[in-house]
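What follows is chain A paired twice: with chain B in the first complex and chain C in the second.
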Partner chain A sequence: MFTQNIINNYLQIPGIDGMLLAMPEIFIFCSTLILMILDIFFFKEKSFKNTNKFGIFIIIIAFFLALLLPSTGIAFNGLYFVSELSTFFKLIILLSIFFVFLLSHNKADIEGIKFSEFNFLLLLSTCGMLILVSSNSFLTFFLALELQALPIYVMCALKKNDIKSAEASLKYFLLGALSSGFILFGISLIYGFVGSISFEQVSNISLKENMGINFGLILILAGVAFKISSAPFHMWAPDVYEGTPSPITFFIATAPKISILGILIYLIYRVFSGIHDNLSDLIIVLSLSSMLVGSIGAIVQKNLKRLIAYSSIAHMGFILVGMVAFSEKGLHAIMYYLIIYLFLLTGVFAIILSLQKDDKPIELISDLKGLYNDHPFISICLLIFMFSLAGIPPLSGFFGKWLVFFSAIDSGFYILAILGVLFSVISAFYYLKIIRVMFFENSDTPLIIDGNREIRFLINLSLFVSVLFFALFPIFDYMILNTKI
Partner chain B sequence: MYYSMLFYIFSFFVIASSIGVITSKNPVYCVLYLILAFINSAILFLFLNAEFLAMLLIVVYVGAVAVLFLFVVMMLNINIEEKKSKFLKFKPLSIILGSIILVEFLYFLIIDNSTLEKLSNTPNLEQKNNTISLGNILYTDFALLFQMCGVILLVAMIGAIVLTLRKRPGVKKQIIKNQVDTKKEDVIEVVSVKNNEGA
Partner chain C sequence: MIENWPILSILIFLPIFGALLILLIPSKIDQEGKILKNSITNIKLVSLWTSIMTFLMTLLLSLKFNYTEKQYQFLEFYEWVPSLGIVYRVGLDGLSLPFILLTAFLVPICILCSWNTIQHKIKEFMISFLILEAFIIGMFSALDIVVFYIFFEAVLIPMFLIIGIWGGVERIYASFKFFLYTLLGSVLMLIAIIYIIDTTGTSDLIQVLDYDFSKTEQLLLFLGFFFSFAVKVPMWPFHTWLPDAHVQAPTAGSIILAGILLKMGGYGFLRFSLPLFPDASLFYQPYIFFLSCVAIVYTSFVAFAQQDIKKLIAYSSVAHMGFVTIGIFCFNTQGLDGAVFQMVSHGIISGALFLAIGVIYERTHTRDINKLGDFATTMPKYSVFLMFFTLGSVGLPGTSGFIGEVLVLIGSWKVNPLVAIISGLSLILGAIYMLRFYRKISFGISENQDKYEIHDVNIREFMILIPLVMFIILFGIFPNIVLNFLKVPHFLVLETFK
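Moving on, here comes the complex of A and B:
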């Protein structure tokens, strides 16, 4: 178990030196501003493609800034905080944003999102996510949450002539605003009972018997569960996933969830570690209901993206199992799971984006009919991703689930682990259904592959990671096991 | 004596104009009463030495929110009769909510006085101008948060522009650049017409 008050071991870095800690965020923000001006005056015709290329460039530089600035500490008068864990989350977030840029590079036209503002909003949202994982006060936490969410609401509605896109954006905006209201109310309760919004002060107070703090914490947890679409707060996810253009769906499914899970880990493992006993019951309920809704709800879906939405709800349930375990093993299991999940989703979305039927992107599961006859390689890739999502050894998804359930058993949550494995078996049903459709059913209209260099690279990369995960294990081990909160 | 009399006068105006908001039949009058209530409560803030909050109330609520309300109310052609019948439908709910708030206020005023006394123990603000002290905190201790609010507003601006700006083909529009760039030679042709030969 963890000892408390580790936060205080980090150094307060005052003044301008502290700003160095926030170098990736500052770099992304400033270069986005410059990029906007460049876009207005210089990129006349190829506005989207050029800003997209510059965006990729900015993200790569920010990645290396986050990687090569190894210093840890507290800056901006205790509002901002960099630890090894937050750096780890920043790196995965930047990686997923990099994938979003690559996926959208040549697909903006057909998806109807060809606005250079797409790239600006993506970069600004990234800025919010990076601040979110290293926030050290409830006020920074809330503002960063809004900064990462607001661009996403706009991006959902980018496909202007599509009524489903507008519906998705409105739903996401209203429910997101509601959940932000929950979080704010929780924060105000905690502020009222503790007298401070700083994470250090909150973690130093013994919180066990305080009704108000517990109530505030429940509200915060409910708001966060909304944002990571964990059941019973998942209702928005299928509609939003279905309505938004595919590159943005991929974005919603990965980066914001990773960042919010990052700060949730920090809240649970550090700030509220004193009342973990009260918390773990709540998280068990969240996790079990997510697994239930995710595995049962996906069975009846016909739309491919709705199915992915339900599957992501189920995966959130599996990740929360690691949160329940409340041990170093559980923490590492979550980190493994997030990496694996990111690469798997990248592969699946790259395949969905590259396939076309009748000059339109595919939408339904039945559109995959005859994929094996037309394009054997792509169908085998999709088969591997589906098996991996279902958790079949020796593919990467198996290791994620194995580590998560192992950590739960290690901490004595036997029933939770057994139920998790059961739900995992149920969820294998709909992954196998997709495989059946593409291998054993035929259709008259052929599927066309419109894959370009970037998308082929992403498919190959995620194939490599998910097949050879056991071989890459030592690298990830080195990355993850050396990470302290 | 003089001080408390002024306080009671302005409080009376706040209550009277709030009653006006919910009772007057014309929605435009409702909004005007609302503005009156805001200005009077701003004056009440001045009594507490909170001059920054008072100005903020006038600038934000009167200057932006209430004027926006006024525009919307004037643009929507609300039928007065219909409005009245809808209000009556919510009467039971509003009575319940109002009585809950009344009970809460009475509890803190009469039974549990200690919380109120703790809260009213404000620091002495007479030496320090509170606009200056707010500025000092906002631009030093909370500079990061201030900047983040700025970025959020920037995102809102970009979002509003990208969602509403659309270029439809075939729409006749004034292009100011073309108008300004036009030279005399392009549009005026000087023709010397001979006598008796013009059309």
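Moving on, here comes the complex of A and C:
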């Protein structure tokens, strides 16, 4: 197994030098605090817009800090760990946060979230995510998990007067707290049986026969499965997606899931690498049930964002297929899939945000009726995103699907791969349904398009990536293959 | 200098280039909100010229083609994703060139026949059609399994839109059925392809052909490919998407569907299933004979009962493709030659029949066989054309339909006389329903013919129908034009069985 003994290859960086490793997080945290003070004293009228712009700058700078600082190693007495893989996840997370900022920039007004708190909470949550993918002990892991989750609960409730938003927030908070409880209980079991919360200590102990550790791991896996909305822990996703304003939905659908997947990969490949066989069965169950629920559940949906919620459950199932085998191929497949999926969701949400009907954001699938007659370009973009999500070549989604199933077949999980592709055919049905509504049907009330520069940029960027992914493939190939865990 | 050009890639991407040009044509809108006639004409002309240029280029390729060369010709090779062993490799042999010629020949005809029938979204129609052409040509020339799969599936996107946007009343149902059926078939092929790449370490067809799969592997992988090709052919009982798709598609869509898309299945069998899995092919031979015989007899009866003339032709297509699968799985020269010849000839004849139905439909707006009739007096020229197509479909000696069927019958007699007898007898069934169709359309009494303003074929339709008739007769008299291409590839295919 290629994951063995990696942990010893990294350098322990003692003392204050370790700060350099955590530079992006430290930078985001400090500048967020400064931004809050600035906001109170200086940005009176344009509070939201200004903080949003500063937020974009902070994210860009953090992105380059993460990219350019030549840092791998273990810091803060083994609490903190930076590898090329965690840097990869940080970059993806920062990219998605950048997209969230752009999406919300001019749309906060109509979505009812025009509070500067939105930006602060977003930045704090980002900070939590970055720490999460770098955590090297269960203490850091849990603290970072809560730091990323708590701001999200508040963000869901930002639209104060909306009953659905309140419901979504409450649901998300209660279930999220429950899952955090599961994770904490699992951690305490593991601590009890190993006697340490450090990932290194846990990974050095022979885990196979130890019932307590297995049980603790199952609890952690359940909690994590909740956070990535994998079935059977998916119940919150449709309601939360439906209730929250679109920029926040996009945020919930991407960044936290990416960060938790990042740490899940880290846990499975490094910390619990001794008990692959037990884990593998569990992940197969999670993956298959996610694909089943996601593809069957979405068929009957009428609300656009509920449909996206179910589709994201199905996609999470596909991503987990890559994790089943614990192979290098699977890891690379997940990395590809996350990039592809991030760009596709960005495009879809940018289009949803740019469309309005009767001065309100669109909600139902039937609101898209006749989109093609009014706005050909937008509808062709959405068409391409839908075909891509369905995994039809030569669009980007196909390559994600293909790599994931490649990794499964490579490790001998034939039945899983066959079931997976069959579910992908079922899920193609509801993507086609959206295309049907846009292209084959007509409507009386025209849709109004209110796209600004940022949103147009995002649509074009996503279009570029999903159509020309086959040409970008060799470049990504080079990037991802050279990433060390 | 031209020797070194990537001539095949230029051919594949020329239609896409044309589609981009069409995209750039501004659609100016007049006061009534309609697109100006000027730009519509531009769009039509650009797409027509692009498709004609493509056809001329394929003619150029076939002139430079060496019939006796055993290697693939016009080979192009670029590294694509080295870590996964995927290469962009395209090339031609005698098997793929006839299909590419057929594609490039039918697309200008499709564009001409939808000159006036497509009233709305003409720009999008032409773009979809040209992209479709590019994907099909790419699929026929791909020599890498992954590249093949990508083109094979990508064809679904424009075809789905062509049926769904410009189709008939129940177009949504038909387009969904078409898309999901074919997708379901081809995802299983995806699994098989992934397995092949995983075991051989490459997706380059030339290298994969050297690899010997074990018997069990062959049996399973064959099934993976079989489902996808069987849906495309379509073989009984996977054919139910075809009548719906044909009936609802616009005329041009039907032509391309019957003329080329169905051939992707047969081509796939010849290109992949037979050479890669010879043992499995021999093992499954009786089952495929059974399915094909059922298809021929059963769909002939079903075709006889149809009221909708487009559905009638659709079912007859299933029967004719039954001959193709029998011919392919005979594993002898006559069978293989007959199968490919039958595919080419069926591509022309069924395309011509759908075109002819489109001509009537434009004038009468009905496809109900009971409401049509007496075209021999109202449209005499048209009736003559229709006669040629009908007789070609029946398989009269002297038309191209005859050669394919006879070769398949000879081939199957050598392997299994019972199959030859069943399929030979069912030629009579084909004659029954096609002649009934022709009698009713041309000489029958129509109930409400007076309602329609009927004029005979105009110059544009004449120009489309003439080459079709010419080729049906030409191939019937000089079958070697096609068969010459096939000598070497069929020899090579049969060598794997020895």
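As a working rule, the second predicted complex is superposed on the first by the 484 of 485 C-alpha atoms of A that agree within 3 Å, B and C clash if a C-alpha of one lies under 4 Å from a C-alpha of the other, contacts with A are read in each partner's own complex, and residues count from 1 in each chain.
We adopt the following convention: a contact is a pair of C-beta atoms (placed from the backbone, for glycine too) under 8 Å apart; a residue touches a chain by one contact, two chains touch by 3 or more.
Since this is a predicted model, take the numbers as computed values, not measurements.
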Under the stated touch criterion, which partner chain does A:I218 make contact with: chain B (first), chain C (second), both, or neither?
neither
Which of the two partners, first being chain B and second being chain C, lies in contact with A:L461: first, second, both, or neither?
neither
Using the touch definition from the top, say if A:F405 reaches chain B (first), chain C (second), both or neither.
second
Does chain B (first) or chain C (second) touch A:L472, or do both, or does neither?
neither
Quick check for you: in the superposed arrangement, does A:Y153 touch first (chain B), second (chain C), both or neither?
first
Tell me which partner A:L178 touches in the superposition: chain B (first), chain C (second), both or neither.
neither
Shared chain A surface residues [contacts with chain B and with chain C]
none
Given the complex, residues on chain C that touch chain A span 79-84, 124, 149-151, 153-154, 156-157, 160-161, 164-165, 171-172, 175-176, 179-180, 183-184, 187-188, 190-191, 194-195, 197-198
Touch list for chain B against partner chain A, complex:
140-145, 148-149, 151-152, 154-156, 158-159, 161-163, 166
Complex contact set, residues of chain A against chain B:
22, 29, 76-77, 79-80, 115, 117, 120-121, 124, 127-128, 131, 139-140, 143-144, 146-147, 150-151, 153-154, 157-158, 160
What does chain A use to touch chain C in their complex?
376, 387, 392-394, 398, 402, 405-406, 409-410, 414, 417-418, 421-422, 424-425, 428-429, 432, 435-436, 439-440, 470, 473-474, 477, 481
